[in-house]
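Chain nomenclature is as follows: A, B, C, D and E, assigned in order of appearance, with residue numbering initiated at 1 for each chain independently.
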Amino acid sequence: MRHSIAIVSLVLFVLSMALLLTLAKQAYIPRKEVRDLAKIYLNTTYNPWNKKFTAMSPEGVTAIVWDYRGLDTVFETAVFYLAIIGSIALARGIGKYSKPTSDEKKLGLSLIVKTVTRITTVSIIAVAVSIALHGHLTPGGGFQGGATAAVAPLLILIAFSQYFLLERGVSKDLMLVIRSLGLAGIGLTAIAAYFIGVAMNKYAFVLQNQAKPLSEVSIPAYIDGQLISGTLWFFNISEFFAVMAGFTIVLILLVIPERAFKSSGGEEK
Amino acid sequence: MIDPQIIVLGMAALAALVSVIATYLAILEKNLVRAVVFSAIQSTLYAFLYYVLMAPDIVLVYIPVAVGLYPAVVLILISKTEKEEKV
Amino acid sequence: MDPAMINTFILYIIPIFIIAFILYIIRALSGPTISDQVLAIDAMTYDIAAFLVILSIFFREPILIGAAIVLALWIYALDIYIAKYLEGKEMGE
Amino acid sequence: MIDLVDYFLTLIVTAMIVNLGLALYGIFFRPSMIKKIIALTILGDTANTFAIILGYRRWPSPKTPSRPPVLVNYTDATPDTLKEFVGRAVDPLPQALVLTAIVIGLAVTLFMVFLTLQIYRAYGTTDMRKIKKLKG
Amino acid sequence: MYDILTYIGLIMIGVGAIADLLAAIGMNKFWNFYLRLHAATIGTIWGAFVPIIGASLVAIGYEALGPYRWFMAGAGFVTAFLILILAPAGSHALARATHRARIVKVEPCIADHIDESMCVKKGGNK
């Protein structure tokens, strides 16, 4: 192999450097204790005995993402939205293109792969939805479910063809509508507690989940005996649709064949 | 009896060490498709590392992104443009 | 059965999996063609998925098992991409 | 005699630092834009791994591993289970920050892929040295 | 009752680990892509499917996990089923694409009905 000497020296460098740092006690070593801030988060994430500060979600990460640090996540969603908008803007100027007139069976991969992909796509969507809906109880949430679900259209695009998706109505415009609905859902959930507070003539905050010391408004944590953790469940569903639709738009735009660009007057190479 | 923590963290250290090799080959490889494959190896090892470091949320979001979407997107880009890097 | 005995058994199983993992990774890094590499990654990842299920028993954390499902699903996607690329058609058709 | 647990944790950190250096080399000194994108993804993942290591905690005792920040048996939770959970769970804050960072990193990478594609359509190359010499 | 399930599960995990080791040795010992496909089959079905089923059986008998052990066993069976259908389809797609793109020649070959020029007969012109 060409690189073998470099690889061996690299590995030896890492091993000896780690040994040196360990002997000198210079590297960062995690301790047996976590920081005090983390203790506060862990103590209050699901704590029915401390109603004033809890987020009522057994999942610490989702509680931080959508409750303690909710405003950060809303702005991060905005960054994500702008990056997708930038991609769509860059992909403009593509002319009309038609399906190749050759046989339908020539498109995509072999029959075995197509059949397995049909089964797999269903299970991918099922896994993604379960990840998103249980995001406040088990590991998962809107981002995880959305990123998982975005692989299903990509598999279809590659194993079948993009015409398979387009003929079944999954187009860029439909995905834009779903995406806007998801973003609107995030916005509505964020100001829900505030509107309830206005209606009940009480103080309430934007992005509030459970009751806080200064405001007694709280979104119900249990519906029909099932724990939904207030706003977290709605945030997860909305984020699931926004992320999934956003990635699907970009992937549909990305696999447009090159002759579409050439037919719209692009430079010939 | 050997301490189980040593074995578990030893696996993580092994994964990190192999990921260095995979990264090196991904950066230095001239054939871009092979670079993507090396990058996929590195992603799988990182996912294992996150699992051992007790971050199941990160594993769930990292595997679809780094194994499912990155290679596909970069491979589509390569198939539309150039497949060799000329140094 | 005693949980400590199960954990001891798993501790003896782990080195076998690690040796197999190292052998797979040698092939995955050095395979002469891209197909060899992807095949080795394939086998290696299913190996890791099985390993994750066993580790979640070892840690006694049932929720960690979700990672194994996701890992088993997505490595199939990598196969499909590489196969599509090697067939030499436009990726979307 | 060195502590093996210390050594392995330091080894992970050192390997990540070397990965960071390799990715930076790829970003700055490799000519192809596609290679730069691959290196950028590796850089982002490595930076996220640092955050995860920052939130890790060692096992409280050899029999009880540290656990993810998810309370499992929430239906019959008592103050004792909560105390045990706080004593064993890792730090959830870095994980929450990394979670959004990964998804946004993917969106930004998609944007850069589109950018590279348009550059290739307009100029017929993805080599940075040739693109630098082009005018108009 | 649960003890028997645990013993069966542990035996399956052990068998899976040894099969995995054999498959990994084969992956390095065979000299050709089409031969390595055999090793990959052993590694995915015996080396991944069997230990996951075994781990699920162990989880059913694991009283310390509480009600979550049913969740764990169900997720394990789903994973095993997915591997059972996905691994062969993936290696099929890879092998078909490799053969069509003419990357690797079929080396110990008796007859190749898809493409005769890919066949390298023993003692033939090299």
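Operating definition for what follows: contacts are C-beta pairs under 8 Å (C-beta built on N, C-alpha and C of every residue); 3 or more make two chains touch, one makes a residue touch a chain.
Owing to the predicted nature of the structure, the values given are computational and were not obtained by experimental measurement.
Student: Chain by chain, through touching neighbours only, how many steps does the shortest route from chain A to chain E take?
Tutor: 1
Student: Once the contact rule is applied, which chains count as partners of both chain A and chain C?
Tutor: In this structure, the chains that contact chain C and also chain A are B, D, E.
Student: So which one's got more C-beta contacts, B-C or B-D?
Tutor: B-D
Student: Would you kindly tell me how far, in whole Å, the mean C-alpha position of chain E lies from that of chain D?
Tutor: Computed from C-alpha means, the inter-chain centre distance equals 30 Å.
Student: Per the centroid of Cα atoms for each chain, what is the distance between chain A and chain B, given in Å?
Tutor: Each chain's C-alpha centroid was found; their separation is 20 Å.
Student: Give, as an integer number of Å, the spacing between the C-alpha centres of chain D and chain A.
Tutor: Distance between chain centres: 16 Å.
Student: For chain E, which residues are shared contacts with two or more other chains?
Tutor: Where chain E meets two or more other chains at a single residue, that happens at 68, 82, 86, 89, 93, 96.
Student: Could you list the positions in chain A whose residues touch two or more of the other chains?
Tutor: Each of 10, 14-15, 61, 109, 113, 120, 123, 131, 138-141, 143-144, 147-148, 151, 154, 158, 247, 254-255, 258 in chain A touches at least two other chains.
Student: I need the residues of chain D touching at least two other chains; which ones are they?
Tutor: Where chain D meets two or more other chains at a single residue, that happens at 9, 11, 15, 18, 53, 55-56, 58-59, 65, 67-68, 70, 72, 90, 95, 99, 102-103, 106, 110, 113, 117.
Student: For chain B, which residues count as touching chain C in their complex?
Tutor: It comes out as residues 1-2, 4, 7-8, 11, 14, 18, 21-22, 25, 33-34, 37-38, 40-41, 44, 47-48, 51-52, 56, 59-60, 63-64, 67-68, 71-72, 75-76, 78-80.
Student: Could you please specify the touching residues of chain A with respect to chain B in the complex?
Tutor: Listed in rising order, the residues of chain A that touch chain B are 3, 6-7, 10-11, 14-15, 61-62, 131, 139-141, 143-144, 147-148, 150-151, 154, 158, 247, 251, 254-255, 258.
Student: Report the residues of chain B in contact with chain A in the complex, numbered from low to high.
Tutor: Contact set of chain B toward chain A: 17, 20-21, 24-25, 28, 56-57, 59-61, 64-65, 68-69, 72-73, 76, 80.
Student: Residue numbers of chain D touching chain B in their complex, please.
Tutor: Result: residues 4-5, 8-9, 11-12, 15-16, 18-19, 22-23, 25-26, 30-32, 34-35, 37-39, 41-42, 45, 48-49, 52-53, 55-56, 58-59, 62, 65-68, 70, 90, 95, 98-99, 102-103, 105-106, 109-110, 113, 116-117, 120, 125-127 of chain D touch chain B.
Student: Would you pull the chain E residues touching chain A in the complex into a rising list?
Tutor: Against chain A, the touching part of chain E is residues 82, 85-86, 89, 92-93, 96.
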